[in-house]
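I've put the structures underneath this note.
Okay, so chain A shows up in both of these, paired with chain B first and chain C after.
This part shows the complex of A and B:
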């Protein structure tokens, strides 16, 4: 790792340019296309996931060190928990299960 | 990985464990923010005759905030790159640039909140504003904490130089800073863009 890092940090620059590009693309898709609302949401959601991956792998070096695999497993399980919380909450509170009688 | 190629912040067992522990903490932070996002998604249409996101969000200001934070995450990466080349001056300068960009973000965000309050959207106005200010405020509070944390680490860096301990602390702070950028990307996408388009 150290031997590599003496060179110009290309991976950081590429990550930065990509994250700016994804941000602008998301704005373009949201405001300048005729897709349906849900299609737009899917596209910009996927862009957000790409950007998060750029941060994790290119800036935070999540796989680095002896505990790289543990880090990935830990972040992966947290993301699964987050998805269950977000989609579970939406499902329970919008599908009629939470109606007060 | 031989000891020669191991970055300084991973040298001691204690530092390795600290970094691992911080990743576990970030996992808990993901879950914390997911609960705030979940509340927001449930409440975003409950505007109680108050303003909606579409009425108050300003794309230009949000984009400036996004670029400030994205750039600060990049300069924070450059700071750690300098640290691994044992370049104390580079580390210090890039970290200060990171902090200035972070402070610029906070300035924009506080102005944004003041603007919303003048538009009649306070935290007490509706379910939407309560969830919005809680989510954004929690993120902003994290950024504020990060700014003060890194300032203290930089004071320590100036006094002690790049050691096993200071490098490990700065590396952990850099993970925190990048993580806040990740959270912001989701706020930008699912709060602002979604709120302005849908």
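This part shows the complex of A and C:
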């Protein structure tokens, strides 16, 4: 272990505090505001994107290293996976039996 | 809460088990104390970060869980061996098929495969350990904590009883109010964290720690299948984590993710469960394919036929694995479009799998086949697995599946896939790599008994299920009437289960016999192997390789042997940097287990207090500046001389 890694991990601390803050904020928006359901979904959806960005930049070193291509590939496959899970789920659960009533 | 609600009472079978478990625990503690081995256990095993020892602990735990799950299976076959038997009541039968399924998949197949991966992968890529040795220890101990917590359910609190799939609404609080299904949600969550960490660990290990010169198309095939398996773990396990978290919230805190009240949807559980559950099938079967490939190539004395097509086939299976999950619930009433698309993707899986079968057959063709015990398992695997695969294509057709769905035909199908695909592979792998782990071979003659008893017993147990299934017997039926006419077939199946159990007993006896009497003089390369793990001593030394191997081609060790270039020069020896043991993984896992136990019983104050243990463990780990230790060239030389004789 070299001297560099003994430096105080400000990045991690800020990221940790920010991700907790965004979670609490989302809970607050969902429980304690009078927005319509769709507005709440939009707001916490935007918070979720901030959360993902914090994870990528503060913890997952997305800007570090020479392996830009690998990072791009990884993020690409994660996005495809997320799309399969989200849209697959919506499709499967809303067609057929659910559609009938 | 009264004594009655805490301990499971009123069943003589369970009372006997409780006494047996109590006595075994007391006996073990007494034995270790008598032999004065506590310090040794702590230093050599409990705190170890050595991938080989962690692998051996995984295998040990897997064999133990195989016994537990096997007894569950035997009880089921005994209960249905005659019509209207009263050996088990309906509730007890429900609990037993639930624990049988969970234990066999998550606590038997997974640890046995991950155990062999742990022992073999770093050796095959010429590395000194995995990328994160301490995380690896944490993976094992979290798995172990989860497995023990799950097993506790059958003596304390009551077992989960909603099937290994735990479908809602049955698995919800409304229909199963006891703590049984809390065990399912919490114990699998804890073990799942460990598995996810293993996946990450092996992805990084295989990307970053390959020996110099080992480019991607020079990787041994088992390394490839492990790599792709690890990627599927990283992709699929978080889905299960989320689903289990929702389940826990529903059961412990009264949310409504999966209950119809307040707009939840029970089908969402099925959907998420199988989004993980189907890739999980490939997580257990792909490493097994890799092991068979290694064993077949070694004992046919040929290089693997169609290496590249094998790699592409595995990658193709991995990609398709994320696109087939709905075939587990065609009958939920989807639209025709959904069922048609998923039928199509499911049948497409048969294409890369077929490629692999033909690759193995062509590897065997004109080979100089040596019928060692591990090769026998590989040879028996091909026809048995093909039966499982072909019936899988039958089940893949959505329209026809309305007939087969949830019948014994399905049960027969997945046992024909998983037992040849995973269990035979683990047996083949154990016989093959045993000398590398322990420095002696398992006995071949007892191995023959093990093989024939198990394979004949397996076919006898599960073949009749195809027929009673087609005749309308649904799965999970705890009894049936004489007039169904199933009694002869199910009786046969019960006899088969006993023969299988005898096969397992033969394996245990083989381990005991070989441990006591087998020759310790096996050399580094007892099978005339092809890959790097055979280039070092048996058992492999803690530093794996005295000098980092240089790789030039596929099956490098095989070619080096032919050229006589396997020697070691004294001048090449350099100081080796090793990671130190650590107490944090086992302590963290114990804390996780205790918190989990309190959560199962919904004792939240105690759970919060106990979770301080987890935080303390994490903080202590963050301030651990241990930089490991070095093994100096003189020590390496002394160790290497033991099996090489003089160095060059």
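Convention: the second predicted complex is superposed on the first by the 73 of 101 C-alpha atoms of A that agree within 3 Å, B and C clash if a C-alpha of one lies under 4 Å from a C-alpha of the other, contacts with A are read in each partner's own complex, and residues count from 1 in each chain.
In this section, a residue touches a chain if its C-beta (ideal position, glycine included) is under 8 Å from a C-beta of that chain, and two chains touch if they have at least 3 such contacts.
From a predicted model like this one, the values you see are computed outputs, not experimental measurements.
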item: Touched partner set for A:14, first chain B, second chain C, both or neither; value: neither
item: Partner chain(s) touched by A:81 [first = chain B, second = chain C, both, neither]; value: both
item: Which of chain B and chain C A:91 touches, first, second, both or neither; value: second
item: Touching partner for A:56 - first (chain B), second (chain C), both, neither; value: first
item: Dominant toucher of chain A (residue count), chain B or chain C; value: B
item: Common interface positions of chain A, toward chain B and toward chain C; value: 1, 6, 77, 81, 85, 88-89, 93
item: List of chain A residues in touch with chain B within their complex; value: 1-3, 5-6, 9, 12-13, 15-16, 19-20, 23, 26-27, 30-31, 37, 40-41, 44-45, 47-48, 51-52, 55-56, 58-60, 62, 65-67, 70-71, 74-75, 77-79, 81-83, 85-86, 88-90, 93-94
item: Contact footprint of chain C on chain A as seen in their complex; value: 1, 6, 77, 81, 84-85, 88-89, 91-93, 95-99
item: Complex contact set, residues of chain B against chain A; value: 1, 4-7, 10, 16, 19-20, 23-24, 26-28, 30-31, 33-35, 37-39, 41-42, 59, 63, 66-67, 70-71, 73-74, 76-78, 81, 84-85, 174-175, 178-179, 181-182, 185-186, 188-190, 193-194, 196-198
item: Contact footprint of chain A on chain C as seen in their complex; value: 235, 239, 265, 267-268, 271-272, 275, 322-323, 325-326, 332-335, 337-338, 625, 627
